[in-house]
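Both complexes below contain chain A, partnered by chain B and then by chain C.
Let's look at the complex of A and B:
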């Protein structure tokens, strides 16, 4: 127990140090940071404007109102943003780190490999997602369409953490292919962009797509399904339970796959 | 004229070759952008299912299906983002090389964009287009468009391409003033996808906004050719729309020359 505790402390301290270094680098390019943030924020606003124009034509979409869709839209951004902020460096495995042989330096250090990968970078662009998500959720709460009681608040927090874990797992899984095929970026991009489907109620899609985004690349469990629990009283809390199970299951698979990949990693020379 | 072509055509063929060598990644990216079309498709199907009238914003359900996918084909061909290249050239410093060569930087960019456009037209564009046509006739039971409207569509697309590229040239000039163009590019993409009618037909916008759009070049970039293809513009309106595209090509060309002259002057000062 004592042993475990000190390991945790050591990693925590290391994380702080590494991120501290990274933040210094960010501060040097503040304009870039704000431009990126603004650009991102703006593209989200366009997505909402689109929904607004559509709802000028119809009262509800398969039983969902404009306000409810805004909540789903906003809710989807939070787990996405958390994952984006903390684990953005996974993309670099898919695109660059493996093929350039830069993975060597992780292998040389006596630390957990996954920890080293994510500790190298924080992605401040993600604040755009978190900002848009928070604004939309607060707006929805102020309109009184979100169910608020102690259970829902607790499950809300659990749900966004599980959602972020699902994102991380999917990213890690597709990025790990790079250990075999050297560059897996395009595949990761395809998988990641499947999340776009989950911004709307999945009932609108045909069965195959619905199955795909619910059980194969389970983005529906990050956005639409848990969000519906917070909007409709008749949706049972089991949906959050299933979300957690999926998150843990996918994480175990991805992490095992990542470990398998690192075990066969051969440097391309650095 | 022939000498000019001899100078600039290699830009086109090089770009074509370059694109051909990255086929794999290219198809995957095309697949990703098709996701967007499918999401719109299902979303619109649900929207029409929930609406009492069969016509929204002047579009019947079948027309909307064609619209969604033709917008995809048109915009994938037309929107060649040369601002990215300009920004690369400026950041890497290779733009100075382009300045000392006896050629026009903008024309070389346009010819390079032409290579990109041709590739996108040949690779997925035309096949998806045929796919849409087959679907339209077999499943939706609509007629083939006549030869004339196809020719007008292609003519309109060529002008759309010029409008987009010339606009993007002006936009790319920002990279001479700031190196932080990444965020700007995001804003541009978002704004254009909305204003060109890629996300939603312009007829869905409130009347007053539509009047404002009449004085902006964006609807001429994607919306006009697709509307021509759908046969929404006829007779006088059709001529007016094509004329408007023509005028935008001229205005943006002149504007580009003006900005370029100012920018290169500034560069000379810095270089001295």
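Let's look at the complex of A and C:
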């Protein structure tokens, strides 16, 4: 236990140090920083405007009101934003780090490999998602459509963490293909884009897509399904339980796959 | 310190065909090409040795180093570095070794060198006291102070290399791998780097494995060399031995008084030996006569006097075979059969 504790402390300290250095480096180009933030914020606003336009035509969607959909939309942004903020460097594994042999550098240092990947970068663009998500959730709460009691608040926090972990696991899984095929960016992009479906109630899709985003690439469990628990009293808390199980399961699979990938890593010639 | 036993590394890649048609064909074919980058290599390196690991481009040098550092997992065989198997216990191994790749920096590009060092201090868990002592030593041998606070991307190649070397040594590794540490550097900086390597080896008994194409690196640093070619080890022994065995050629260069007959002049004929043992070349434009001969078979004065009998000699230069020539021969597969 003592050993575990010191390891955790050491990694925590290293994380602060590495991210601190990263922030120092990006602050040097403030323009990039704010443009990225603004860009993401803008695309979020467009997403909501789109929802609004759709609802001018149809007042309810499969039994969901506009206000409820706004909550689902906002709720979906939070785990996505957390994952985007913390683990964005996984994309670089898929596109560049493996094929260019830059993974060598991680292999040479006495630290956990996954830790090194994510400790290299924070993605400030994600603040746009977190901001919009928070605003929409607060708005929904003020309208009184969200169930609030101690259970729901605790499960809300757990659900967000589990949702972010599902995002990270899916990214890590598809990025790890790069160890075999060198560039896995296109696959990762397709898988990640599936998350777009999860912003809306899954009932509106055909059976195949519904099955796909619920059980194969389980983005439905990061947004729509848990969000419904917070909106409807008749939805059981089991849905959050399943979300957590999926998160842990997917994480274990992805992490094992990533480890397998690093063991067959081929570097690149000089 | 390092025990490498029968390691091999095989790379499998899809077969490629030339041209656009080939590219399309490649999409539908399932053929694979196997390449043995390293083929059954074994050696043992003792503590404190400096070993030169040489071979032509693509011979498998970097692949071997990458297996010893834990970047690559061997297809067959295993290596043990300081009691640890690098591919199984990567983190433990990483704590014991330092690595410098001449082609690629391990430093943080946008950060001042000083910050890179303070990050590395934490990564390798170096205590404050050790850090202080270590920095004093590194400053002394590498003169890091003059550019210590500048971002790495603004450093010259020579400064960056000194920075990289310092960074690899901060945690006092028992084994240091240097992959072409002097590549692209000017002579003064090369010299500085070599001196630093030597000092580190003397003071800390650091075991050093060095790959290089620079013959001077080997001559000045390495007591032992391992030569590999096409993934196989073809020589392992002392530098002196290699030179004695294959450096038997001596070259004499003479500036002579020009005469037409010199073009057909042959020292071999004069001394009654085969032209294999004694080769004469005449450069009519510069009036230079070059004679290469086996020094174990022919005496130098014999050669000079045979020429002096024929024409006037103004200047004489005697050259021993340089290591670079032996290496060149090895690269061209000229001596590889004899060595095996």
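One rule holds for everything that comes next: the second predicted complex is superposed on the first by the 268 of 270 C-alpha atoms of A that agree within 3 Å, B and C clash if a C-alpha of one lies under 4 Å from a C-alpha of the other, contacts with A are read in each partner's own complex, and residues count from 1 in each chain.
Please note the rule applied: a contact is a pair of C-beta atoms (placed from the backbone, for glycine too) under 8 Å apart; a residue touches a chain by one contact, two chains touch by 3 or more.
Quick caveat, the model's predicted, so the values are computed rather than measured.
Clash-free side-by-side placement of chain B and chain C is the outcome of superposition onto chain A.
Of the two partner chains placed by the overlay, only chain C lies in contact with A:109; chain B stays clear of it.
Across the overlaid complexes, the C-alpha centre of chain A sees chain B and chain C at an angle of 90°, to the nearest 10.
Greater residue coverage of chain A by touch, when chain B is weighed against chain C, goes to B. Once the two complexes are overlaid on the shared chain, A:10 sits against chain C while remaining clear of chain B.
Residue contacts after overlaying the shared chain place A:236 against neither chain B nor chain C. Least inter-chain distance for chain B and chain C in the combined superposition, rounded to the nearest angstrom, is 9, based on C-alpha atoms. The interface of chain A with chain B does not overlap its interface with chain C at any residue. Residues 11, 58, 62, 66, 69-73, 87, 90-92, 94-95, 97, 99, 101, 103-104, 106, 108, 110-111, 115, 118-119, 122-125, 179-180 of chain C touch chain A in their complex.
Interface residues of chain B facing chain A in the complex, by the touch rule stated above, are 24-25, 28-29, 31-32, 35-36, 38-39, 42-43, 45-47, 49-51, 56-57, 178, 180, 182-187, 189-191, 193-194, 199-200, 204-205.
Those residues of chain A that touch chain B in the complex are listed here as 29, 31-32, 34-40, 42-43, 45-46, 49-50, 53-54, 56-62, 185-187, 189-190, 193-194, 196-197, 200, 203-206, 209. Contact residues of chain A toward chain C in the complex are 10, 13-14, 17-18, 21, 24-25, 28, 101, 104-105, 107-112, 263-267, 269-270.
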